[in-house]
Structure formats: structure tokens, C-alpha cells
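The first chain written gets the first letter, and so on, giving A, B, C and D; residue counts start at 1 in each chain.
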């Protein structure tokens, strides 16, 4: 069975796994204080061109990371601005609200917030005489790439960053698929530029080569106080923090994180070409590892017998939008095999 | 200075206050167990044509009521559906999210949710293969009248009630201004019909004759367990619960609640006529005690010198939407005085 | 029936009620922005010998006040130190934990925490190498008088205040029955001294002459940010904030608050003498308005036929501890009538 | 450097790691729906002699597990009874309170709650006329082994289980170190008996052979509704749930979990003998893998140069309690090397 269901269908990249095996019997201190967490943090800061002002915290998964970053950076009475289709808005089972904060959902295009829309919202909020009865917007959350595979251009990021600075609220970039964004052929922003434009972001591991793990980068001396205690309070502190440190140490040794991301993009481009050649329509033009294809329902049923992919949404009564995802683990032969089925 | 800022500018209706004075030195038991709370509950149930299956709980204010009703009726992982312009969506400083629940904001017209929109949302949710990653919609919240002064017709309420029954989730009606809705000339639903169509609603006191207080009616044996403890846990239990019981006992003695509501409607109709005659435009056609008028900014500045009203929102660069509210305490002479200023 | 069940069995003191009646039809602004809230705040600050550095916030009840003060002053990861028998520890249905904070319960004597016990706890905590896995103690909560009617002496308060300063955490005094403490014959601390020794405290109204209401005093520029929004977020903001302002304005006009408190103490002393003369034993030696008497169970059953009092706890198989409370509303003739029954 | 700091200093047991390597490139479905999670769940149910009435949920770590189990089984207004020294009481940074629930801390002996103490508490609670102002005790939490390494005997567990049944509240057993308890020479309860005596418990993986992971067993059709959504809401759902499933599948293939636990016990017994022979005193008599030794402070400083162990608490001014932990990864030669240093 061919499988393109998601970008978390395989285990870890072999080099990541090898590092886990290699270090397995070393005796290390707990809760993220070990040498691999430290080493990985240093490598990540170097890759981001950040110095001592930056802090790196390793967490196990994306929803956990969004919940912890948002709730530790916001005041208890603040909410977070996000796209209506943002992961925190729709697909985290209410994890942000569970931590007491409103997700202020703004309209978006192709999964992306626009600087102008954010500025208008903030201006209107601050001009409202009844604003103390509303939730104070205390952060902007965007995803890079977005949930629809789309990317913010450097100038779009600069625009959003400028609004955040104007209103003195942090910009948080969810990088669950960061590698696939950075390595996209369409991307024009570097990791260093991204780090400079936001206050906090995370480098996704779960979807990019790790068994689990996200590396959160607080870029400017803004690590929340007592962060280790707060992570534990949220249930997110792993006793064997090494599990995350070792994996990110491997991913940021040499250029591994970027190379394996590049592979996923190359596979996605092949897949895209394939669908185009066969005359399929795309729901959205995605330059990253997630491709959203519109399938006629009968065709979909047929295809499901030999390929796993992901239901996305109903398109119309006769068609469905489905997602095909590539990843570091996608094999070229699988793309070719898929081609024969289309 | 003339004042039309809101419907909570005065104290209590004189008959309500008189009852507080009359009962003041009686020794009564605490926490809502006193005879006046019991008597008021019985009168309210009678007015709603409800029997022993119903329970009445008195709370101090509207946001508290919404927070407590929603969070005690929902499972911890459920969210509440509301209009984008609903009070719980916009003007409660995040009180619902503070209690851990998402407000699922759906598009609305003139402040009103439509049965079809709710059904489509629920159908799409339940058809989504990833629905376990989304917030389970566990309740529908509407306001009667809405935050824009508009009313659901009986058939609209029946439609929403039917959707709720179909999906087995409770319908909660926020009646902070219930009296002003029921007594509107345009209204076609009775208190009894309303009670029969929903699972829980509240009869607003703060805005309709009381110093404070809302009477929550659970219509069908659905009083949350250990409700007194839960109200206390939320900080909402008054030691002298009598303060609420006595006031509602007065409001539901004879026809008082409805008569004083009717007065507000009559005053609103006069005010409406006045603005119409003078050629002003309305932002929305409201049949209840809140009237939303579009003022040219210069005219607004002028008027503000002699009349208090409430900023609502910017209309365009030259105009502003403002709210004039009447209430049980509005005097006819004030309307007339306003007429001379227009 | 004679009633000594609690100190909230009657309505408001007649002068307080008169002020509500007198101001009832004035048109006032909402949410605590009215002139009576302002006037009451000024009078309270003057009575406390506090200046512009202080802020006064009016809330409706005790549990609400404790929840809001504690959760707005603590960081989300901090807990509050309290006596094992403290109101927040035992009798608020988990309202503090509901807001996400642990009540760190320390042993106490006669309802009172000791400075030495608090210091030992804080020293041990800060010396613990695993302290990041524990809840950070971020505040000390005490009651004056305590839940057992006992009082801290001035030197005891100075001791606790010194510990709090040493560890840089605020001291919060729950004054639900503050008047009855200040006017106790045994008390040696003035309102001004109390205000100087703590960071935040509240002046109880519900139990001392008001229908409802507590006046929270933040003594040193430490009003939480966006307090009005935070109060609303907790469901505690009254639209007609005047209800609280007017009552406290009356209570702090002249010496009313203190005079009516003194009356309760005089009544409590008479009641105490009565029980002593008749040979009853006390569970605890209380110098304030709550008296805890040990009754033989048969005697208790007998007495219950003609007097209402409050079950406190089982003493042994044959005896029960019960509470008799006096208040501003207690009549001398009721004490005398009770005497005849003993 | 010799290391006895904790039972989570090494990675995974080699057989567990081998299984991760072996299955690494298989394409599997996400969020715990994969075949290894299913297989592991079946093996665990078989080992517990449980059938279809039982459910197994895999989570990443201990605090997360305690938070999720407690908050999904309790009603929002309920609290959990635990020993004063319980992990949830002291060492989870307030994770239970963060989820809104009070930990009702009862006195304990050697880390153990007694059935009689629990029954007395529940009896007193239910007899209290003011119980609606208190937190409803909705669950009993115990640890097996406890935080002090001690064990409940079968008859002690039966006693606690009986109290829980009498009051109709679930019994939850924290088995973070379950294997080390079951394999203790002093233990008289089997895994099957434990499963039959409680409503929910978990089999610790993080401390017993896994990189991370705890297997929660709901023993009697009491899996919380929408559990997957609730786990995600708490930030605990791993995209690659296989990471947990594969590890537990390995641990419960053959007798691995028990064999490696037995090894830790054998090492602990050697270590215990060593300390005894050398004349050291124990803080507590622990029959499991954690040994608490009282060291004279100078001796401690000396030892720290060559051995890592864990500070536990101050004993007196001259002595300190420290913990030496063994685990599946402890080598006999390390124990011998330690012997030479004592």
C-alpha cells in the first residue's frame, strides 16, 4: 500500500535514530539538563545566528508546544490572534482555551494572515471605548508553512512583524513543518531572517525527521520565568529530556535538518507535476510538502484501494479535497508507483 | 444631563426596592436557601408554565451567569456555538475561555444565528474524519433580544431548537434583556413558549428593574449536579442570597416584570419615532429597547454636550454608530427633552 | 425563633439601606466608575491613612474576592500559603484551585499561621534542589479575624509581614469580618497599621452591615493590570457597581463601620459571659463575634427547638461544637432570651 | 563517575530500542491508532487478566498521566485525595491544580495512605452540614511503590479499595515504578490482583525500560469519553503514537518488563546490604529500587566527588537524607565500585 497520509507516518531519520542508539546507555541528567540538550540548543542558536539572548526549550509535540508557548507568554487575561484556519483555531481540540486563553480568529487568505488585517483589528480594538470588556490581544500566531502548505514571503513577514512591534505584542511562528517551508523552491526567507523577525518560533521535529520533538526558540531574552516548572505544570516535562536533545543534536549536526527537508520538497514537486500532467485540479497552490488535490468521489474511492491519503474537506457533492503529504521518508519509487495509478 | 447610555443607569424599580426595605431585618438563611428565593423560584416557574422538572438558580450578573451556565452544562472538552457578535464571543473579557471552553463563533445576520448555519456547521463537524482534533460543539448560545436589539421569531426559535434536538445538545438563551424582548411590539413568542423551546435560559434582572440579579431557569431536570458548590467554586455564591430572591419575588409579583419592560419598549418606540421624524438613519432596525443611530461626527460632538449615550462603533470616517437605550426607568419627559435637541 | 446562625442573617444596616434608597433613581455610570464608588474609595483610603499609591476595588462576596485577588496577583505557576483551616483551604469549594493555583496548607494554631512556620517552609522550599518541581509559594494569605474567631496581635502580624518582605511575596489579609476584629476588646492593631503591614487586604461588607460587598485595598501601587477586565473575566464585574459603592460610602461615612462592628463585639461578650456563667465549655477562646461552644448532644437537640445556631464539628461521641455568631444586627433582647434557655 | 541519581539516567532497554529500530521505517497511522499500540494494549490487558471491559491509553510521562487521568475522571468540582507526600501533592509543579482540581492531602505513614484515615475523612466530609462549601472528594490516588519506595500490602490495598467502593469513588494507582514494586521481595500482590482492586492505574515505562511512556489501564469500561480529544486538549497526544506503542509492545513481549524490574530490585538489595554492612542508617525501610540513606554532611561532600546521587531532604544540621536509585540499567560492577567508596 502506498502511503501519503501525512508527514508523520515513519519513525525517525536513520541518522537521528543512530544517535539515539549510540548514546543510549550513557548516564545523563534529567529534565532537559543533559549535555545533548545543551549541545542541540547551541547548534540551533548558531543556525539561527542568535547569541546568548536566545533560549531553546525542547518539547514533545506541536499542540503541547502551542499551548505552552502561548500560555506562558500571555498574561492570563490576554488572547492570541490567529488565522481562522490556524492550527490553534481549529485542530488542537481546544488546547489553547483549556489553558484559559481566547484564540481571536481573523479572516485569512490561503491560510495566511495579512498585516493589514491584523493592524485594522488592533486599531479598532484600541479605539473601542468598551475594550476593557473585550479580550486584550496579546500575541500574533502564524504558521510557516501554514496548514494549507502556503508560505509567507519575507516581505509579508516583515509586515506582520512591524505591526507586532507597533503594538508591542510578540509574534509567534509555529514551525511544525519549518524545514519544508525553508526548503521550498518558492521560499525567500532564511532561518536567520525568520528568527530576527519574530519573538518566538519553533523548529518542528516530529514532522521533520524526529520520533517526536519541537525546539522552541525564544529569540530575545524573553524566556518565561521558571520555564521548567511551567512546562512541568502543563504536563510537558520529560524525565528523559535527552530523547529530545539527542534527536535535535543529530538534526542540527551538519546540514541534516535542511537536507532531509529538501528531499521532501523535491518529492512534493514530483508529485505535483504528476497530478498536473494527469489533469487533476489543486484546491490550493502549495509550494511545500502538503498537496491538496480535488478528486472526483468515484475516482477517490478507486484510488483508496491502493493508496493512503488524507480526507481534507468536501469540495462539492461530487468532489472531495484530499491531502497528499511527502516527508523526509518519502521514496521516489512510491511517487512513481502513484503515477501509474493516476 | 439627559442619559440614555444603557439600561443599567438607575437603581432598582421602586417596588423592588420597597420589598428589600420591607424584608430587611428579617433573619433568613444564607446562600439562596431562604423563603424569598423559594417563593421567587415558584413564581418564575409558574410564569414559565414549568413544573417540578424545572429549577431556578439566582446569580448576580450576566457574564457570571453565562460563564457558570456554560461551564457547568458542558463537558470539559466541549465548546459553545455562538454568533460572532454574541455577548460571550465579544464582550465578556474572555470569561468563557477562562473557564476552559471555546466559543465557536458562527457568522450571523443582525446579531442572529440561523438554524441552517448551525445545522451546516454541525453536519460538517460530524462528517469530518479529524473531528477528534476539533472542539466538540456541546451547546448553542443565543441572546433574546440580541446584542443588536433584534429578536428571533417563534419560528426561528423553533428551527434552532429543532437543530439542537437533532444533535442532542442544549439550547441556552441569554435573556439579560428578556423582558424587553417579550414586550416588543414585534415579538411573537411568549415566555412559556420560549421556556418550552430551550433547555436553559435566564431572566435578566440587572437590566430590568433589579439592582443586580439574573434568574437562570433549567427547564427539564437538567440542573447541574452540586450546583451550589459549583456556583461557589466560580465565586458566584452570595452569602445573602436573599438579595436576589427578594428582588425577583417582587418582579414576579403580579405582572411587574412585564409592565416595566413594556414601559421601556414604549419609550423606545417614541425615541425611534423621534429620530425618524428628524431624518436620522438607523444602523439596524431594532424592535427593542436599544436603538442604534448613525450620527454625523460633528453632530455627535454637539449632542454629547447635553446627552449621554453610548459609542457603538465607527460607521465611516464621517459617521459613528451610537446606542440610545431605554429602560423601566426612562421618563417620557426625557424623551421629549431629547426631541428638542435633535 | 432566636437566630445566631451566622453574621449574614439580616439585610443591610438601616443607614446603608437608606443610602441605597436615597440614591436609587440617580443616573450613574456602570461597572464601578460612578461617583459613589469613587467617594467610597477615597473615604476608605483616608481611613487606612493611604494615599494615591493605594487602589480600592469593590467586589460582591468573599470567595469571589479571594479567588480574584489571589489569581490576579500570583503568576500562573505560583501557589498561595494558607492555614490548614483557612477559608481558602477548606470552605470555598475549590475556588482557588479552579483558578489554577495550589493552596499550600501549613499547620496552624487556633486558626492562625505563625511567622516561624512560614519562614521554615520558605527556607526549606528555597533550599530544595528539586524546587522547580514544586509549586512556587507566591503569597501568604491570612484571615483577620480567623475562621475560628481568633486574632493576630500586632507583633504577630509584624512577624508575618517581615517574612513576606524577606522572601518578597505579598501578604494578603482576608478581612471578611474585619470590623469585628478591629473592634475586639483584645485587638491591638489599628486599621492603619494593618494597611501598612500588608500588600492587599479587604474590608468585609457582607458580614458587617452591607447586603453584599467587599472592599479590596491594594496598598502600594500593586493594583493588577487591566483589573476591570480581569474582574469581568472572572464573572465578578457588576453592571450596577453603584450597589457596592453606595453601601461602602455609607459604611465609611462617619464612624459607622466601626460602631456597628463594636455593637457585635459587645453582644458577643454578653453571649460569652452567659455561656460561661451557665457552665458551658468553649471549643476555642474567641475574642470576636463568633463563639464556639461545646454542647452535649441531648442539650443541643433541646436547644435547637428554640434557637438557630450553626453546626461546626463533632467534638466527641457525646458532644458537638456549635457556633453562635453575633453581628451588627444582633439585639440585646435576643441575648437575654437565649440566657433564659441555657 | 558512578551514578545512582535516579531511575531515568539511561535511555531505553536494548530490546526496547531494538524494536524501535526494527519498526522505524514502517508506515503507520498516527495518534496511537497504529498496530503496535493495539498489540501492546492487548498484551497489557492479557498480563492484567483483563478483557474487553478494559482500555489502555499510552501517554508520554508521569505528571502528564496524573494530570490527564485525574482531570478526565473527576467532575470539574471534585478533588482527589492523596498522601501529603504523594507525587501529585508535592512534586508536579501544581499540574493537578492547573487543571482546576484540588489535591486533598491526607496524613500518611511512610508515604502510604491508610484505609482508616481515608474512611474517617470521607465520613466526616459527608456528615458536615456545610459540605457543599467544600471540595467534593471524587477519587483516591495512591502510588505503588510510593515516593518513599514503600509498598502497600495486598490487604492494605483491599482496605483502600473497599473504602472507595463504599463511597463510590474510583481508586487510581500511580505505577510510575510499578515493575519495581511488583518485583520487590516484600511484595505480595500480583499485577492481576492490583488491576482487579483499582479502577485505573498506570504501568510506568519511563523509569522501567522505555525512553518515555506510561500505559494507563482503565479497568472497567470507565475510559473517559472522547479520550483522544481530551488527551490532545491537554497537549498530550503524540502524532507518532507508535513511539509509545512499539516500546510497550517490546516491554510486554515475553516477560521483559518484569525481568528488568527484577534486576533493579536485585541491585537495590545489594546496595542496601552494602550500606548496612558499612554501618549507614536508612531514613526509611524501602523494599524497592529507591534507597534513602542518612549521610553525615562531611561524608556526603566527600562521596559526591565520585558518585552522583540525589539530595532528598535535610535530616538535621549535621546530616542529610540522600537517595540512591537502581534501575534496569544498573550494573553490578557499579554497586561493587560504590562499595569500595563507602
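The rule is short, and it goes like this: a residue touches a chain if its C-beta (ideal position, glycine included) is under 8 Å from a C-beta of that chain, and two chains touch if they have at least 3 such contacts.
If you're wondering where the values come from, they're calculated on a predicted model, not measured in any experiment.
Contact with subunit A and subunit B alike is made by C, D.
Comparing chain pairs A-C and A-D by the number of C-beta pairs in contact, the larger count belongs to A-D. Comparing mean CA positions across the assembly, the chain most remote from subunit D is B. Each chain gets a centre from the mean of its Cα atoms; for subunit C and subunit D, those two points are 41 Å apart. Mean C-alpha position of subunit A lies 33 Å from that of subunit D. Averaged C-alpha coordinates put the centre of subunit A at 50 Å from the centre of subunit C. Annotation for subunit B: residues touching 2 or more other chains are 76-77, 92-94, 98, 100, 132-134, 229-230, 232-233.
Interface of subunit A with subunit D (complex): residues 1, 3, 5-6, 8-12, 14, 17, 20-21, 23-30, 60-64, 67-68, 92-95, 98, 206-207, 211-212, 229-230, 232-240, 242-243, 308, 329. Contacts from subunit A toward subunit B in the complex involve residues 76-77, 79, 90-94, 97-98, 100-103, 105, 124, 127-130, 132-135, 311, 313-314.
In the complex of the two chains, the subunit B residues touching subunit D come out as 71-72, 75-77, 100, 132-134, 136, 225-226, 228-230, 232-233.
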